[in-house]
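Each of the next two complexes has chain A plus one more chain, namely chain B in the first and chain C in the second.
Right, the complex of A and B next:
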């Protein structure tokens, strides 16, 4: 009784060609990176070992890929079956976001030809937050493939396999909730050991994992709203605004929790004065906070949140807020001490744009050829 | 009604997470800094003795087989300004105003050495996912194993001194850091020798010894009366090559590395305050101990994740079975 259908239509559209050109340019620079070393393409240096390839492609990219995580929570843990139609597109976007985050991690890896070392138990350092992130993300990519596999199996008509999968899928769904909770919080924990290099407004020490997992869920709910709104505009389909509005409310609720915890911790640490210090960090903090508060104002009013374009604005604002939070903590206000500065090079930016473009291209091809979108009445 | 339950659930989950992290924030104090190893080998750098000749830099490159950094056409000496994949040890200059007087904070100048401090509780070792960086139990030396390293550069972010450096200019680069001239193929310490930089230093500004000896020497010096004559040893503190007499400068009463972030086996003394010499703002508690406190609270024996997985599996299965809406088909 599947009501998921491929959208169909031409694949080779002008949009497709545009993104393909960006991918082609980025492949040129990626090749350079592998031939002449990272320094020939990226501006990372002795004080800034992590540039946009890590911070955007991996740390923010996987945050933006938390749609599948947020919806799995909603549908399977809180048993909200009516959100089910949104699950497949969200899982697909998560799968690509994470797969490309993994890919980004490989080409940012200085000794990529030895990447398998992190899979070998005798190398494991259980004190390392990076170990948790590396293993957990790898495992989650596999879980996402399994969660999304019914789509491929339906496409090729493997009914037997689908039946088998149905029996055990609950376990993978549970893993699909647990694993992102683990590694998304660990992305925050990674900041602890960087100590003074993290700006005081972002260095909340043991509260890092909590704030990180909250931003992951906020970005997750927001990206679901964002994708659903865009898919509706591009491919048509049923009006999902009432459903999305509730997700928006949840995201705003989480955002209030995030802001409350953050301000209380900063207050206890005696850092609230830094917010109005008038320097770059305080400016970034204020922009970030504004981006968090705008959606709250929109979603608080029922008339506003039922308006699809207003809801989209709220979602985009939350996406920017979550992304900016991570950018600020890991890069924009990161200060390794005197003598070091970082601004990404054009070639470095092109590689990141290429990664984003690959994601968009693959998403377009799959939703057009495979049963991802729900095309019936809602339950 | 249903929405309210949903929101309640969302809040409940957040609350549970908060509790988990609150618990972790309490027990995060559980792991203290790692213990100091008195017999660890180390170095004492006395900035007031350094004349900036950079013999240590040249010797380091010779011992470790690294090429000099040439920036100008002069090609007379190594022009490395900072640590890099080609430089494990560098001498930097502090200048203020007219820069006339050595070791004066105003209108003065001073030298400062940058190299691995060989932390007692090192961030790089704690952060490395594949155990490529290790503390050698006997010597306290922080070693690097390129065969394990994946090049993620987390060690670089976790080092408060920006010591580990990656070779960005090579197709197949690796991390480089000072290993006290004791890495495979060099093994000066195992052979009973001292580090190259300490051996080359003509003034005894870089002194080799055990942490305990060096700390005693540093305490002795900083307690001296400025202007008195002190007989400064050179080379290896346990068997100095020679001594030279010199009036005592006005030392700051601060031994860098005695306590900073759990202490270091390479220690510095100076007559200029260390923040002016570019040392980072560290407190006594190591960041590694705080990070591991949080990590082990959440992941010790994978107990919390295992319980969570069992709970989630139960809830998800019940929800899928109850209304047949799950199962994604």
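Right, the complex of A and C next:
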């Protein structure tokens, strides 16, 4: 018998209403985007075709949705079964993160009605890194739905289907590890093809895919800690801190690898001096690096690591660091040439906040009505 | 580079170096280039190189016929650098009969042609250049006292493969345009039941011919063909699909008159009657004359007139709108603004962005505090 249980409780809480209002506002602006075109809503221009919709909703959003990826790696690749209780909430968050990333990509597409062409193999250009990302993300959304489907099936009591699914699930779990590795690294490849538009401090050429995968895993482990802590704060439940502390340690280890590779490459490229150039890029680089290092100081000490508050702060710091890394590379220090500048409009920000709110709302509803959280007898 | 990229398995190319008067490096580079333009792998390039180097005695004999035409295909082939004629074409194939290039003349060359056709029966490659008039038993085109119609049928008898080079040979070309007084037809039309490879174009790109021939020499068979028997690697895509002016088409930016603002800015030539949307060819990617820099009709600002497409070139009026085979343009386009000077940083947006980041940090700190204080059994509501 499964020990996963719905949390229950009222759905219509003040939190729920607050996020619903944001969603309503964002739907208004999304409608405007589809009726009057992108220019009436977003501030993107010829130099900055990618605003926060792509950079936050897709590039960072999928990074933050890597909890399912990181845990699938831990549980199934390294065979650490004790982390299993964390898998379902992480998968759920990944599912929403990716689904809304895909959705975000559609309303950020100038000619979104041609999107179906990506599904037609005879239109594929195998040299395109965009195709790789587009296909991989679409496939991964389907894989996530399948990985998460036991929850729906348990809810409706389809025992037969669960048995069938159990036999083939390993295949989808393997895909669930493979696909994010592919498209998260391809996000780094995109930085390569943007060439000199990327600030020298972020342009590490052939190391971009590796750094992109590392940040995805760092953000993935951190978001698992983040979600588990927030759920604990909101819904109570068993103490998962010992499990989370180990994940924190893994994230910090990856973070050290990330920083080491990054600094060595910058050194070999002879760009270390730019860190102290005193301009905007160097400032952003220092903030980003600080956000990466703070968690290391916290997690290095076992006593600190076992403190749930400190652990959460470390995780949030790493989430901000990973997000800022991608923001900096793709947007903040991105230089398309003289004359162009970009800052998102109010409507643009509201749409992004709406997307985040949809994720939170759907997450709340599903964990309350479906068996997502692990509720052991000892609780 | 080619030597590092291609693993030739220690194959000895010294013979071919002597024979062709080129270095091994140049030779392999050439083969890799042809293989790449055919969409083949480097291992095919090596196979090609070995086929040419190892089998000089196996060079296929070629009988080249000229019908109703301007010798455009031959002229374009003479200017080919992939390979240049003197180095490679004469060594890849044994050109036994070609009215423009033969050094001999008169009855002697006709005799040699007959002799070669007899000796190499079933082995030679027949290339037809020019349309074949069929009206009045084909009396409108005669070579050495025989009609082109008869010559073609006779040569086709013992041919291993037949290539129609140029639009005239492929589907009739300019001669076949209405009213077609001589009843000009393409090679396939007068040789029912025989497979003819069509390399249309007016003139055709020499690379399309050489690539096909080299494929034949290497693999002993013809490359994959489409329904009209054109090699897929060259005629698989509409010009429109690979045209560098395509983004202008999609964005609704058209030149409407020669020399107008849009024409000067390099906009799409669709409204000037460009037939790219209904013509299959690889001009946008290969261009002409190997000089780069957009040397092909659309590249120099003239609409494509569909020279290689049956029923389009010489048939449709030059400036008539093309029938777009893929996505048709919508009736109206959204405006496209570059918005270069638009900074657009509003205080509200800045405040909102700050508030969002602040809320995330604040909520995290609150949760951090709560998670630290919450006893394990607390089942509190969400907040």
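Assume the second predicted complex is superposed on the first by the 376 of 379 C-alpha atoms of A that agree within 3 Å, B and C clash if a C-alpha of one lies under 4 Å from a C-alpha of the other, contacts with A are read in each partner's own complex, and residues count from 1 in each chain.
What we mean here is this: contacts are C-beta pairs under 8 Å (C-beta built on N, C-alpha and C of every residue); 3 or more make two chains touch, one makes a residue touch a chain.
Just so it is clear, the model here is predicted, and its values are computed rather than measured.
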*Thinking of the overlay built on chain A, is A:166 touched by chain B (first), by chain C (second), by both, or by neither?*
first
*asked:* If we overlay the two complexes on their shared chain A, which of chain B and chain C does A:196 touch? Say first, second, both or neither.
replied: first
*First (chain B), second (chain C), both or neither: which does A:47 touch?*
both
*asked:* Output check: A:177 vs chain B and chain C. Expected answer is one of first, second, both, neither. What do you get?
replied: first
_Just checking: does A:80 make contact with chain B only, chain C only, both, or neither of them? Give me first, second, both or neither._
first
*Can A:88 be said to touch chain B (first), chain C (second), both, or neither?*
first
*Looking at the overlay, what does A:12 touch: chain B (first), chain C (second), both, or neither?*
neither
*After lining up the shared chain so the two structures overlap, which partner does A:39 touch, if you call chain B first and chain C second: first, second, both or neither?*
both
*Between chain B (first) and chain C (second), which does A:132 come into contact with in this model arrangement: first, second, both, or neither?*
first
_Dominant contact partner of chain A by residue count, chain C or chain B_ = B
_Set of chain A residues, in rising order, touched by both chain B and chain C_ = 37, 39, 45-47, 111, 114, 339-340, 379
*For chain A, which residues count as touching chain C in their complex?*
9-10, 13, 15, 37, 39, 43, 45-47, 111, 114, 226, 229-230, 232-239, 307-310, 312-313, 316, 339-346, 348-350, 353, 364, 379
*Spell out the residues on chain C that touch chain A in their complex, using ranges where they run on.*
250, 327, 334-335, 337-346, 348-350, 352-353, 356, 361, 364-372, 374, 376-383
*Under the touch definition given earlier, write down the residues of chain B that touch chain A in their complex.*
2-3, 5-7, 9-11, 13-14, 17-18, 21, 24-25, 28, 81-84, 123, 125-131, 146-154, 156-158, 160, 162, 165-175, 261, 278, 280-282, 287-288, 290-296, 298-299, 305, 308-309, 312-313, 315-317, 319-320, 322-323, 325-329
_Under the definition above, what is the set of chain A residues touching chain B in their complex?_
2, 34-40, 42, 44-47, 49-50, 73-81, 84, 87-88, 105, 109-115, 117-118, 120, 123-132, 134, 147, 150, 154, 162, 166, 169-171, 173-175, 177-178, 181-182, 185-186, 189-190, 192-197, 205-210, 213-214, 246, 249-250, 253-254, 257, 261, 336-340, 379
